[in-house]
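Going in written order, the chains are labelled A, B, C and D, and every chain counts its residues from 1.
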Amino acid sequence: MAILRHKKSKLVEAEEKRNDLGFGTQITDPDTRLLNRDGSFNVKRIGGNFWGRYNIFNELIICSWKRFFTLIVAFYLILNFIFACLYQAVGIEHLQGVDLSTKGSGFMDAFFFSSQTLTTVGYGRIAPIGFGASTIAAIESLLGLLIFALATSLLYGRFSRPVARVLYSDKAVIAPYLDITGFMFRIVNEQDRQLIDIQVELAVSMLKKQSDGKTVRRYYGLKLERSKVNFFPANWTIVHPITDESPLFGLTQDDLLASDAEFLVLLKATEETYNQTVNSRTSFHAREVVMGAKFLPMFSDVPGAGVVTLDLRKLSDIQEVPLSSEYHPHHETKN
Amino acid sequence: MAILRHKKSKLVEAEEKRNDLGFGTQITDPDTRLLNRDGSFNVKRIGGNFWGRYNIFNELIICSWKRFFTLIVAFYLILNFIFACLYQAVGIEHLQGVDLSTKGSGFMDAFFFSSQTLTTVGYGRIAPIGFGASTIAAIESLLGLLIFALATSLLYGRFSRPVARVLYSDKAVIAPYLDITGFMFRIVNEQDRQLIDIQVELAVSMLKKQSDGKTVRRYYGLKLERSKVNFFPANWTIVHPITDESPLFGLTQDDLLASDAEFLVLLKATEETYNQTVNSRTSFHAREVVMGAKFLPMFSDVPGAGVVTLDLRKLSDIQEVPLSSEYHPHHETKN
Amino acid sequence: MAILRHKKSKLVEAEEKRNDLGFGTQITDPDTRLLNRDGSFNVKRIGGNFWGRYNIFNELIICSWKRFFTLIVAFYLILNFIFACLYQAVGIEHLQGVDLSTKGSGFMDAFFFSSQTLTTVGYGRIAPIGFGASTIAAIESLLGLLIFALATSLLYGRFSRPVARVLYSDKAVIAPYLDITGFMFRIVNEQDRQLIDIQVELAVSMLKKQSDGKTVRRYYGLKLERSKVNFFPANWTIVHPITDESPLFGLTQDDLLASDAEFLVLLKATEETYNQTVNSRTSFHAREVVMGAKFLPMFSDVPGAGVVTLDLRKLSDIQEVPLSSEYHPHHETKN
Amino acid sequence: MAILRHKKSKLVEAEEKRNDLGFGTQITDPDTRLLNRDGSFNVKRIGGNFWGRYNIFNELIICSWKRFFTLIVAFYLILNFIFACLYQAVGIEHLQGVDLSTKGSGFMDAFFFSSQTLTTVGYGRIAPIGFGASTIAAIESLLGLLIFALATSLLYGRFSRPVARVLYSDKAVIAPYLDITGFMFRIVNEQDRQLIDIQVELAVSMLKKQSDGKTVRRYYGLKLERSKVNFFPANWTIVHPITDESPLFGLTQDDLLASDAEFLVLLKATEETYNQTVNSRTSFHAREVVMGAKFLPMFSDVPGAGVVTLDLRKLSDIQEVPLSSEYHPHHETKN
């Protein structure tokens, strides 16, 4: 029994140690990326309740401005059309001031009257008379207020979202780092707005052949030179020193490609306008890693100017650099 | 004195160690559930100050949409009715443009005039003349603005609540887990929206007979295989390995039912749209635990598609599975 | 130098250990309470820049509803009055539809026209003609929109404040606790809304005579039986066991009164509607501590009802109880 | 290889220990300040995408009130002018009620009609007739609603920003502290509003000559007497004791000036109205440090008044004080 208990604990302990960030071991299809470059996931949901699955308010918050305004204008036109039909149904003549010369002009005036009610402008040149038209107008004006309240909520929601405008270099590099080499990528804060208390986590995910011949996806945290800084006024080159403890020690570019390596970056910071935490993610696939290059400086220093100038266009500028031979202890791979 | 001090410390220390999550030891009525499936508590309050007890704004934030809109429409109708009465009181003739042919038509026009003022549409076909009607109208338009401001606040409040759309499997199972067995249940993120940094805590509450014959409710934290994941892109089967250290070790289904066992789940995550923390709770009563079953996969994999498909309808799908005999060391119960 | 360095460290270390919560040692006036029962501080500021000192928006957020509405109505009346004067200045006749029969009626119509513009109702029975009146009306309608935007902000601000409706018992008691005695007070969550992750800190502040004869105020943290609970569905009696390590060990009521003892309670919780942290504070002066009493239960249990009933009116109900003689080791005072 | 590995680790370890807060070692220009007194950074960005770089909503949130209102008024005037041109383009005669006597009066009436539509007042004395003018008016009223929604968002955003109104003394001092000396500065909470859980971090940045002759900027954390207080009801003098472990030990004013020393203050607190975290920063350059002075009290105590009075104007009041000779162990510098 003692031996049995020992064996149980070992498997359970090994399972607890297995780090997979939430992706699981089963995703072995090399064409499926875990994390897209923009930080989104590759999971599609089916089944489920429609209203539960889509948070429409959320969609309206995060969609593009172009889409947002298109939806608003379309909604406005459709609503006015529907109400114009309703006014026509109770009798256009109940809208005092409407031009009754043709069917079309009556409907058109009803359409514009509807827009004047929905937006609560209410000029009054056209106004409802009688129970039917007045009731529809009363409903429409209430609806107008509620829609306006909704528009205000949406606009505020869109603007106040804590978004980290962090730009990542197009490529990551493996460059000389002090005595050894390091896996590096660079980030810059796109805006003048302050980001403080920046924390970065880096992990690499690689396909590994198990002892039983099965291929599973393994995840390894990569220790950073510095994982936290107080301020982020300019740029930051994030470095994982490839010491002999690193999972990357001794791997060549071919090794990385063969194991479908994906480097996952998780960044957290506090943006200063509202003191909100912002999250940012990206990934670098083995194809996006350049072996033997280093980043060029982004500063345009003008001594004595009293100000440091940062050129955002130079974020991804790299230059080839030979790696020391100690980096390539041939055929030495690490699990 | 030394012995006395030693005895004092022991009782106090024991008390400090007693974990009850806030429910207390006195709830021993087996018909009273601690936590409902939807996460709400079973406590009813009486006495107390009305305004202090009900946070009306909060109620309006969390009630259903159907209820919310019903309240709005009812409020709108009642307010207009009240103001129509006020206009009638100062004399309907002070509303220029009102149809005075019958009492009813005058009141009706006053009602609609009130709605046009409250919503600030203000066509003007009907307009107030003289001090009395103008004053009431001035008050009503101010009121209209305040109510509208309130409606905007409520709408924004309703939409921006951080709600975790986490679905829990209908049942929990006790299934084979590696070498031993595990208590498991499954969760899925209903929406496409990201949830990150998910933390789960699991506790079980059981009635225990004390040495003095009294029955009290005890709480035990249950150690999880994994209690925290960075990402929650798909589903997650949460596992408590029933090792020999577990309070559940050796308990049969009858044991669980007899001790009115309730498994309490506390989940915390960060939703990504606003970076807000969301909380979610549920409980599984002993009746909702299936001994000897496991969860079926929810994925509909299409290799090479580049995307993982998750079928939400399969969340609670289980399949019977025999448990190993080591799980049932008969008559071996653990306090 | 070695001895000197040793002496320096000692004073600096002692200073670092001194805990005063931010109040300082100098407040020795026994009539000055550190913390009022409602949690506010007793500090009055003079000098300083007016706009910097008062955050008017904040004042409007936290003042009472009665005061808030009074300010709104007063502001409304004053603004309309001012604009009526402006319309009169450019010539009342420029407001088409105004009753010019008397000076008073003209001003009155201008007043109401102003209210119709400010609230954007704009009936149109009275409307501006010509540059002067139209300009003032254009300014007033813009102002009306801005004021309305402000009112919406204020209303939302008022409603969405995270406020912990935690009620404290009127008195604290020193009651028998297990083998010894304990300093206790009781709290209850006034609302049905959930408060979770509640943390409490308790400190006592007492005047002490130093070796040099000077009286200073000292602060001591008091260790709690339980300082954190996950849930707060009902009530919670917070207990500081008066072990021999406690600063209160052996003190009588007279000792507490003589040292102007004040018990400071700091409570932090997460309210569930918005997942916001809420803070609550109170203090119990020595005068508000009852020696030898315990709290009576607040529950009205109806077995089998499936629900626990809590009577909020019983929060402060106490009953006299004799303390054990071990509590009064006469003339034995600590620090 | 063993020696090589040992050497690698040393450099990497030294690099990990290097603390630079995010500013880097390269900023050696003595005219460039790291942190301005108001907490802003001295980095200018060029290149990059315009919309990405400027967050216009953010700018409107943080700009001064004067600038904000100027922008609103200008925007209002320009929009009305544009729409007046549009109405003129479709034909002014389509605005019923417009004064067509002169070109100018027509345009002026169109301008005011536009303002009445944009603000949704809509008197109706002037109203659109026909498809062209009605369409433009329908667009303008929708635009008016959206702009108003935006204004509400901006106003709320401006008001609800968590801003710490913490005032810093103009100068920092090096004063006698217990047995030794201390680097001190003073802060006060400008407002009556509560700030709680205040944490302060202090660092000094100095130019140092490396062994290879190169000058780099080094950063040192400075240990504080107290770095955290629960409450901040009045003022707080923050002290870094200059023990023999301090980087400042033995440095004279000339030493500080020569090494372009800059003291960086990072303050974090929770403001109580919304329970939001607020950040505040400042820096003291060596020029702003007074050697041999201490802060005068800010209190105006009136015993028995029951209230403590704080005079904000005395925040920076200092008085000369001789430092003990132990503070000046001549020519003894510490790296």
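One rule holds for everything that comes next: contacts are C-beta pairs under 8 Å (C-beta built on N, C-alpha and C of every residue); 3 or more make two chains touch, one makes a residue touch a chain.
Computed from a predicted structure; not experimentally measured.
Between A-C and B-C, which chain pair is linked by more C-beta pairs in contact?
Pair with more contacting C-beta pairs, A-C versus B-C: B-C.
Taking all residue numbers used at the chain C/chain D interface, answer same if over half belong to both copies and different if under half do.
different
Work out which of A-B, B-D or A-C repeats the contact pattern of A-D, with more than half of the residue-numbered contact pairs in common.
The pair repeating the interface of A-D is A-B.
Nearest whole angstrom, what separates the Cα centre of chain A from the Cα centre of chain C?
Whole-Å distance between the two chain centres: 39.
Centroid of chain B to centroid of chain C, CA atoms only: how many Å?
The mean C-alpha positions of chain B and chain C differ by 27 Å.
Which residues belonging to chain B are in contact with no fewer than two other chains?
Counting only residues that touch two or more other chains, chain B contributes 116, 120-124, 148, 152, 156.
Where on chain A is chain D touching in the complex?
72-73, 76, 80, 108-109, 112, 115-116, 119-125, 148, 151-152, 154-156, 159-160, 165, 167, 178-180, 190-194, 196, 198, 225-226, 229-234, 236, 241, 243-244, 270, 272-275, 299-301, 303-314, 326
Help me check something: in the complex, which residues belonging to chain C touch chain A?
Touching chain A: residues 120, 122-124, 152 of chain C.
What residues of chain B sit close enough to touch chain C in their complex?
Residue list for chain B touching chain C: 4-5, 7-9, 11-12, 15-16, 20-24, 26-27, 29, 31-33, 40-49, 52-55, 57-58, 61-62, 96, 116-117, 120-124, 127-129, 131, 134-135, 137-138, 141-142, 144-146, 148-150, 152-153, 156-157, 161-162, 266, 276-279.
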